[in-house]
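Presented sequentially are two complexes of chain A, the first with chain B as partner and the second with chain C.
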Partner chain A sequence: MATYNLDITKEHCPMTFVKTKIELSKLRTGDILNVKLSEGEALENVPKSAAEQGFNVLSVTETGTKGIYNVEIEK
Partner chain B sequence: MAEEKQTKKLSIIAFSGDFDKLTAVFTLATGAAAVGYEVNLFFTFWGLDAIKKKLGRSPVGKGFLPKVFGIFMGGLKSAPVSRLNFGGISPKIFRYLMRKNNVATLEELVEAAKVLGINFYACEMAMHILGLQKSDFIPEIKDVLGVASFLNLSEGGQTLFI
Partner chain C sequence: MDFTEDQITRYSRHILLQDVGVEGQEKIKAGKVLIIGAGGLGAPVAFYLAAAGLGTIGIIDGDVVDLSNLQRQIIHFTADVNKPKVLSAKEKINQLNPDVKVNIYQELFTSENAFDIITDYDFIVDGTDNFPVKFLINDACVLAGKPFSHGGILRFEGQTFTHTPGNACYRCLFNSPPPPNAVPTCSQAGVLGAIAGMLGTIQAAEVLKYFTGVGELLTNRLLSFNAKTMDFRTIRTKRSGRCPVCGEHPTVTTLIDYEQTACDLASHRKDKR
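Moving on to the complex of A and B:
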């Protein structure tokens, strides 16, 4: 199982979840994707839409930087 | 609850060839596909300009008048904005602003739509008027359809006309 990182802190709707979805589609089952994102629209929708599509959202944690979060998603 | 989970579906009739309206089409389409919707894009009339292989102004089409239209309208790269186009300067300003503000440009959205497996369809009747053939379009065009087929495809989902 490999772990991958994706930084979408500078992206805006719809590219926040578009890039997450495209990245997840490249992974194998069991792989982990760490998505670094900003609070607001991305934080609200990326974990939710990943969970809705059957991915496992393992954790949502705030990073050292205020307003920046890490979302850990398992395929 | 009778039905637990149905596939969500969004079908958009892309009528306009305007830069801003096409941006709306592809923003909605990619966003919906990324959150698990099945997405159908049905390009008709000016919307067909967005899916031409030739991105700039080019005499695409069979016959004299379609060729003239082709040169005037062009493809995705020459799409005008619906208001304050200023002879084609505004789309350039928009592209600059989108890049500057880290918002996906129209071209990036179209590429994302292809990667996400969004279904692209072209309108048979509009192609006939404009003298266009399937081979004039990008290879992602899945099929050439009429109204009845589009209604079948979009049934049970949401439909938008842009």
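Moving on to the complex of A and C:
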């Protein structure tokens, strides 16, 4: 089980979730992807879409930078 | 996963779909489809498969573009009149999506070349306008174990079904071509152009479902619609034990070039649906 990181703070909907899916597709079941994203659209949609498509959203936490969050997704 | 950034963006609306995703897009990219007829049905099929990023598209058609084709054969433009249809189609596919490999065959699909051509493809699309070739496509695909999409349009109506090995084929439903005098003549055979798009895009969707494994194909079901009322219905069908090509005692074991009426032949040169 490995942990990977993805930064989608510069992406806009729907590429936020597209990039997340692309990254998740490279992982093995049980691997963890830490997605760094911005509040607003990405924060509202990416965890929800990931859960809808069968991924396990483990946590959503604000990082040290205001408005930037980390979403921990298990494949 | 070896998609470029541009490809990720291009195919993003497929990748977003839970049932397609990256894996499904890779299957689409690996697919090889032969479109028989670059006419009213073949045009939307080619466009949507090209847009979808299908890896290899083969197109066979012996005709040149005629002005009367442009009312429905949307892959051909006014400047293409008199150009071989396969060339015209290839140019548009390449402009739409340079990722797609296009093989062209500027000839009729006959009993002579059928097996040689279909062998290189995973799925065949019937975009033809006459019964002899529809039966030839069916027989060639059944005998070679290839899946195909049947499509036919006339006036305001369309019908389609999908064959995969082991399921109902065209001859299970329609034993043999109708007698020439039962087939509409040229002067009777008008078609509302948009019907070609309706039917062809259903065929394209079936191809994409086949490669991605999404949902249920139109196997053992004949979908027909009438655009006048916009009634769609599906008729349950099944493989027939008495089918002359896939039944228990097949009588069709080699390919047959049925005779075409003079009108059909003229339509092949001038006015392919």
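In this section, the second predicted complex is superposed on the first by the 75 of 75 C-alpha atoms of A that agree within 3 Å, B and C clash if a C-alpha of one lies under 4 Å from a C-alpha of the other, contacts with A are read in each partner's own complex, and residues count from 1 in each chain.
Operating definition for what follows: a contact is a pair of C-beta atoms (placed from the backbone, for glycine too) under 8 Å apart; a residue touches a chain by one contact, two chains touch by 3 or more.
Note that the structure is predicted; figures quoted are calculated from it, not measured.
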{"item": "Chain B versus chain C as contact partner of A:Ile22, first or second or both or neither", "value": "both"}
{"item": "Partner chain(s) touched by A:Glu52 [first = chain B, second = chain C, both, neither]", "value": "both"}
{"item": "Which of chain B and chain C A:Cys13 touches, first, second, both or neither", "value": "first"}
{"item": "Residues of chain A contacting chain B in one complex and chain C in the other", "value": "14-15, 17-18, 21-22, 52-53"}
{"item": "Footprint of chain A on chain C - complex, ascending", "value": "1, 3, 8-9, 12-13, 15-16, 18, 21-23"}
{"item": "Chain B to chain A touching residues, read off their complex", "value": "27-28, 30-31, 33-36, 101-104, 108-109, 112, 115-116"}
{"item": "Interfacial residue positions of chain A with respect to chain C in the complex", "value": "14-15, 17-19, 21-22, 25-26, 52-54"}
{"item": "Chain A to chain B touching residues, read off their complex", "value": "10-15, 17-18, 20-22, 45, 49, 52-53"}
